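Below is one structure; the comments refer to it alone.
Which chain is which? They are A, B, C, D, E and F, in the order written, and residues in each are numbered from 1.
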């Protein structure tokens, strides 16, 4: 059986590279989390208006930002996969989706946990909250579509099309919801501290970095499994050390 | 110490947030690693079956 | 006219065929042979352009069919496992629509003549839903009579047809070949066209 | 065992058959013949009890099948145009379920043996969706191997089967008849069981 | 693989299946099928969540009004979600010929039907019940109201599945059956909706909910006794 | 019969069909098919009416609140109704093999797709638009609000059909596609819902609706340009 080495060279090299990168990202993530949490809880001062509750911010804001960022990256990878027919980028997109969805979920959850003490309600129908919820639905759509199609190549292409259409729609959703909201109620109570304490900024930034390294590490780990699964009939997979042993 | 954990009365919300986030991270890591284990297992199984078939 | 070079097809873990090359020119008849699951349907669907060939190209008049697309489609007719007829419409309406999609407008007389030739006299205006399996297949096959595409790709055209209809199909194919047509087909039954040598392509 | 008396069937304006009487006893093989649309499928579906006979009765061991119902069902297997297999399940699971619905619990070994006999070695655990037409038909036919109902009613069992599978079916039917089974079938292909005289019933 | 197959066989090999074993087999079969296309189960749930979330988007974000609407909205969404999933109940079996074989099974058809209904509810009704409280929170419902909501859904969704089965059986094989079935079934389900949503409103305005709940319970028992048989007859008619 | 057949043929016999003639053929074909199963068209409409009417049942009969909810409820119901009818858009053609033939037609696929979308809208979107005022009256909406409601629906329902077509094409042939398609399409349709319902609310609170309507118009044009092509690609992927 002739194997087109050129075609498979990319996943081969990438599989090894990813394997080498994962520990680096994983460890830096762990360290950054440790530092970030330390600053968040022990260095950052208690907020004047929100007391301790504001400390939820240090997990809420990074996860919120990453959930949106990951969607864009995922759509980008998917589009590259669709246009240039590169399998690897499609696999990357597939690997990113669950992490993005989880971040969106954490964002919603922590937001709700913050909203209850601050606004007295678990949930309000505010622009940001609503569009984050819709973002979660978009992730679900991507994952569900990919999962319902058996042929992986077809699944990649179909899901990519969806991701692209979705990414066009995300800004539209955000602005429409924002506008819709301003039509009705006055400004929602928002976090008061406009001029943030320097320690808060540091904590926020460190946690953001920690979350970012985490998502890189976990999606690289996930994509390695996906590569193995999809390329299971190739010679190079059979020759891998972890397969042979 | 207990004062720290009490978080000035916001313990439920704060630890609820961080706790769930932590739980999700742990579960995700566990699931991804489990998936890798399963994948490798299946690969070995298939290879063994293939060798048997040739023999 | 139709050239296939170094075609390979893999479905799931199974390599169905590889390194397949052949070409077909005017007036030729090609039967794709093979046991169940050997990849006949997959090959025909690749020839239609539904499936992207894993390796290799399919060329029509020297050009890749994935480039030609509509131009190629105008010169071929594909008949698959499915009949592509609407249960709610009658045979006549179905034929009109199928011809329309292929780019031709028929008049009723031609359509009825085609259906009668296919042995559907008296069933032209019954909703296709109530027809028997064989009659439905005949409605689908009537498309071959009204188009004038040179290339016919037929996946098990004889399914559900009775003996009379099989003989009719043999005649139709013979006429088409005499008009410089080309036919590729699969079947597990016997299909012999008088005066024509059937080329055979065996999938492993 | 199975007796049909004075059966008639009308679909729409067409009287398909009338005054049909025959009976079938142990070890007998009956082929229902007729051109496309002559009413073979309609007759078989009436024998199963799906369609109420317009005139006449169908009797099993002397009793009307519409009275017997479940008791009759326990003694027959019907295989129609449709395969009655689930695309999402693999061949093994499909067979288990089909046997379970017929009232039997199989073990894996029997099921695999049946599938292998039907020529599906290596495809036992693929989702049926990805199998070829002929392979799907084989999965459906494997039911015949695991049940032990005396009466088989087969509507075009040979559809999509290759030559090897047709021979296999002939053997299976032969074995079943030797075990005092009864078989009624339709087909437009050739089906000859060695050592058995096929009775033929022609619908106009 | 082997464990999966085992789970499909009940009892020991070559055994005749008991009636109960058969019920189990049918339920297990449908659950396994549902698990094979796990997306299905999830999507009914997500559909439910999405419909409930659409309302605030259409109506506007005032919490006061939303709180009042909440029980109605959740119940309507549950009704629609179980309506949508009805299409799956028999149509797949019909299209691939399995239904013919079910009708030819040597066991009472109503029993098989009951098994299918139970499996359907477990896949499409139960998740809704479990999800409802979270949605209630989005609408700022009180804890007490949430409990009543769960109770009514727990009693009500099986009724929806059972009534829905009759509709699904009657519309089998008709094109556009998906919408037709809603048309047949929705009017029949309206009492369930009224008592279900009514109970939640009653509790928020401080009244007793016992009568509501016991009425729902009675309806459920009634449905349990009659609908499998009616569905079986409807299937026979549809297959003629 | 003869007149029906005539209406299926465009131009004179043996003529090559023009692109426009082809578009007409596809639309006519789908409309005729819809007329053959007239129940279909009716049921979308009845579903719409029923969802809208369920609300007062679930929420309670206070007119004040109902008036406020009205635009949102009508729009959500329209969204759900067009979602429901999406299943019909390609699946019948897929199952009977017609879609294969459409892909093999010697004309641009996007054009055929556009024809199908237009026919689908005429069958499932237009009736809703015409029905909406009647339902608005049930909720005691003002005449002005009713006009705006019609205008937004007229602009919005085609967008729903077009976005829906993409989802329908992507989920072709997948079991449980009916619910999956809602999952994919509903989030994408939310802006339409918000601007549609928002416009009606704006007019009731005395604000200008021009910006809402022009935004909807812009979205429609955008969708008209892109979705047929995207749908065609999705169909190609699904048929692989």
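Before moving on, here are some points about what is shown:
By definition in this document, a contact is a pair of C-beta atoms (placed from the backbone, for glycine too) under 8 Å apart; a residue touches a chain by one contact, two chains touch by 3 or more.
Values in this document were obtained by computation on a predicted structure and should not be read as measured data.
Taking each chain's centre as the mean of its C-alpha atoms, the one that lies farthest from the centre of chain A is D.
Looking at A-B alongside A-E, one finds more C-beta pairs in contact between the chains of A-B. Between chain E and chain F the centroid-to-centroid distance comes to 27 Å (mean Cα coordinates, whole Å). Work out the mean CA point of chain A and of chain F, and you get 33 Å between them. In terms of their C-alpha centroids, the spacing between chain B and chain F amounts to 43 Å.
Per-chain Cα centroids separate chain B from chain C by 53 Å. Residue positions 37, 39, 43, 46, 50, 57, 60, 92, 95, 175 of chain E each touch two or more of the other chains.
Counting partner chains per residue, chain C has residues 81, 87-88 touching two or more of them. Multi-chain contact residues of chain B, defined as those touching 2 or more other chains: none present. Interface residues of chain F, counted against chain A in their complex, comprise 166, 170-171, 174-177, 180, 183-184, 186-188, 190-191, 194-195, 198, 201-202, 207, 219, 230, 233-234, 237-238, 240. On the chain A side of its complex with chain D, the touching residues are 150.
Contact residues on chain A toward chain F in their complex (touch as defined above): 134, 137-138, 140-141, 144-145, 148-149, 151, 153-154, 157-158, 161-162, 165-166, 169, 172-173, 176-177, 179-180, 183. The residues of chain C lying in touch with chain D in their complex are 11-12, 34-41, 81, 119, 123, 126, 130-135, 137-138, 156, 159-166, 188-189. Every residue of chain E that touches chain A in the complex is listed here, in rising order: 37-39, 42-43, 46, 50, 53, 56-57, 60-63, 66, 137-140.
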